[in-house]
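Structures follow.
In the two assemblies presented below, subunit A is common to both, partnered first by subunit B and then by subunit C.
Showing the complex of A and B:
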């Protein structure tokens, strides 16, 4: 077979794969829309509660998605707040400072951490909750903070690898250019390397957000419940959309109830898209601020 | 070291891990001249250049033995001293790379970047310095209306002149040029060559080049590097 013909076949195969993925995604979202759009209404979010009173936290909602929406947002936000600085710092350490055996051992450990199933991390969280409950009876148990900590542990390897790969793939000339101008290692890192790789770092963050938002195994064992209302503290139980979907899918009694699960899935996707957009906005803002700031003389 | 000399390397050996890259290099560079170093690919030209600004120290596998002295303000500076202040040295020994490497910042921020590293903030003086140095590399007229645009949008020749401006803003004593015209078209190369000749009274230049005609045109002295050994040739 002629090399040119092989080129064409490989290109065709790549296009077909991309098209298949696109079709799968469109089919998935289309099916969710088809099944779920009927039941997206006020009742889905607020049940029989007055929306204004629910939104201003004057009245708890026990038969709607609103507390789960708030719970998921808080959970993802808290987990990312905990994981992002640690992941970034560990990634920087691995890419820029760790050498020899330390680097090899740490790489292996982080690979192992990324391979741990989420249910095992959930079990670990549950064990921690039991120990803490013994030490502080009535004050500490499965809660939003514990779930966020466990989710942070779950997504740490993504953030570490994203940071490490982003820094290690920088063109050596870019790396040397700052150093050749007299930049210290730290100046090179913060003025050149990290701003240069903001899009890759944001991709890692987005992956982590997605993982936090969808995980059910970890939160099932560490604090999520079917009905808790909006949590007033991070040491309380909470509701979350993935758990709502899981509960509906496993216990529905009629088609309308199942359709509410599809609606919740649509809302979860929308929430994730919102969080992704927020991450992109922060990246864009930071990039403008760090790189193209118009300093007035 | 003779007071008329700018840099002297004696019996310099460079190892990467256990592999010798440069062997018994003895080289003298005189102030205000363009000293060219030629040689085939892989002969160690770019490695030799990293000795002059101690950039090799950033690589954990690199080791250098021998003597390397640089004359700065009448003082002799041992380039191989373990306690040498790299940041200060590199502000006095500028470097221009083979491929233009503007940082992902605006044109003005790129040129002013070495000053920022030295702790200076944007001020009318700094803006004036940026303008002067852009004029010196004949880039001011082309970019004066878009100083806040992304520097990476400039053409290859403009980017390389920008990089030279960035190296010149600190008024270095020595300028290291690692094949600065190899990725440029003939017209842009001519601009850079003319600029190097103009800069001779201001700083000592060490040029790595693959182009014998370029070396003939602008270098005061040239040396040939072959398999890590230096062969000096009269110009």
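Showing the complex of A and C:
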């Protein structure tokens, strides 16, 4: 075959592949929109309860997504609250302090941590709960706190990598200008390096939030249940959107319930893609603006 | 302050090891019947006191490998589209779309496939439509962003000088790819495939919802079967001390070791390459 013709065939192949992927995505989102859009209303969220009473926690919602939404929000908030400081600190250590063998070993271990399947981390959480249960009977079982801790462990490597990459990609000139004006290493870090990379750090954090919100495997072993209502303490069971979708898929009884599952899937995909787009926007547009402002005297 | 950073780093690193230790300790009652090796090769037959995880290992491996086999050509085509063949103004959009794909929750993939793909598979293959092939098809879609992003990264990082040389000698774009890009980009391509394999094997929801979950050693891709991850998710035995429950930890150890093996493989490839791409992972 002539090289020209091979080239055309490869071109055709690449266009077909891209088109296939695009069509698959359009089908996925289109189908969810088609099946899920018309059930998104007040009843989907609050069931038969009065929205105002539900929002002020005066009345429990039993047949709506409201408890699941609250559960997911609490879960993600708690997990990020735990993971963000540790991830930031560990990332700073890796980028600024660790050298030689320590650095290699830590890098390897964080790669390992990020490669561990989420269900294994969930099982680890369950195992910890079992061990704790043996020591303090009746005190500590699968609950919101345990899930949040496990999710924190799941996103920790992402946060560490985001911090590390953000700091390591800083221009040496910027790094040294602070030091040359007499700033200590810590002052340099907190007043120059971290603010300089704020957009990247923020977008890393937002991506971690998305990762927490979508994960189902970890929470299904560590305390999520199908009906729990709004949790009153972090040591209780709770509901979450991804798990709601899973339960609908495995045990729906009628068309109404199924449509709710589609709506929930639509909400979750919107949430995750929205978070991604927010992170993307911050990284690409805000960064330019921040830099522009910094360039002005 | 430095010590605070240090403790955070060492603490997180220690947790990685702690996960393995706890999994190992809790699977000891099962492992004391033999070694991890025998547990790996025995069939699952609780009535006769055999808690081997061989069927799950086979299913996990086969579904992951099939997913990668489906996904690799598709993703390579997409990567070529993004780097070489696509219209210039569309390339960037395509890349961003692929990034966006990475943020789609796996449970949504599973849920949608249950209503879009499973009925088609039922018509085409008979049975319930829940089988390894169905799961593999969706897993292929799940790992596509990982593969494409790695492929694109490694293709764009290969030296422009060689590409220009081939072009200057009258080579077509396909010849540039064959003679200039591929010889340099292959470590990145292999890395992407390995990590995709890890993601496919580690995913729970898709195989749980689509693979059928029956505990037999599958004979064909059209059989209903259970992966390691689905096994962990399904058996919430009430009796925590039972051997059935302990088998979950054996599954988790296999998954842990497999992902560790992949990470080490990726690092080994990166280091064996002089133009090492340290920030690939």
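One rule holds for everything that comes next: the second predicted complex is superposed on the first by the 234 of 297 C-alpha atoms of A that agree within 3 Å, B and C clash if a C-alpha of one lies under 4 Å from a C-alpha of the other, contacts with A are read in each partner's own complex, and residues count from 1 in each chain.
Note that in this section a residue touches a chain if its C-beta (ideal position, glycine included) is under 8 Å from a C-beta of that chain, and two chains touch if they have at least 3 such contacts.
On a predicted model such as this, the values are computed, not experimentally measured, just so you know.
Chemist: Going by the contact rule set out at the top, does A:98 touch subunit B (first), subunit C (second), both, or neither?
Modeler: After superposing on A, A:98 lies in contact with subunit C but is clear of subunit B.
Chemist: Report for A:242: first if it touches subunit B alone, second if subunit C alone, otherwise both or neither.
Modeler: The answer is second: A:242 touches subunit C but not subunit B.
Chemist: As a test of reading the superposition: which chain, subunit B or subunit C, is in touch with more residues of subunit A?
Modeler: C
Chemist: Which partner does A:40 contact after superposing on A: first (subunit B), second (subunit C), both, neither?
Modeler: In the superposition, A:40 touches no partner, neither subunit B nor subunit C.
Chemist: In the superposed arrangement, which partner chain does A:145 touch: subunit B (first), subunit C (second), both, or neither?
Modeler: neither
Chemist: Based on the superposed arrangement, let me know which partner A:10 touches: subunit B (first), subunit C (second), both, or neither?
Modeler: second
Chemist: By the touch definition at the top of the document, which applies to A:174: first (subunit B), second (subunit C), both, or neither?
Modeler: A:174: touches subunit B, not subunit C.
Chemist: Identify the partner contact of A:166: answer first if only subunit B is touched, second if only subunit C is, both if each is, neither if none is.
Modeler: A:166: touches no partner chain.
Chemist: Output check: A:111 vs subunit B and subunit C. Expected answer is one of first, second, both, neither. What do you get?
Modeler: second
Chemist: Please give the residue numbers of subunit C that touch subunit A in the complex, ascending.
Modeler: Checking each residue of subunit C against subunit A gives 1-2, 4-13, 15-17, 19, 22-23, 26, 73-78, 80-82, 84-86, 94, 96-112, 114-116, 141, 144, 171-175, 177, 195, 198, 201-205, 209, 229, 232-233, 236, 240, 248-249, 252, 255-256, 259-260, 262-264, 266-267, 279, 281.
Chemist: Which residues, counting only subunit A, touch subunit C once they are in their complex?
Modeler: The contact residues of subunit A facing subunit C are 3-4, 6-7, 9-11, 13-18, 20-22, 24-25, 27-28, 31-32, 35, 85-87, 89-90, 92-94, 96-98, 105-106, 108-113, 115-124, 127-128, 130-131, 153, 156-157, 160, 165, 186, 207, 210, 213-214, 216-217, 220-221, 242, 245-246, 248-250, 261-262, 265, 268-269, 272-273, 275-277, 280.
Chemist: Which residues of subunit B touch subunit A once you look at their complex with the stated criterion?
Modeler: My answer: residues 53, 55, 58, 60, 86-91, 94-95, 97-99, 101, 103-106, 108-109, 113-114, 116-118, 121-124, 126-127, 148, 150, 166-167, 170.
Chemist: Could you please specify the touching residues of subunit A with respect to subunit B in the complex?
Modeler: Answer in residue numbers: 99, 171, 173-174, 176-184, 187, 191-192, 195-196, 291-297.
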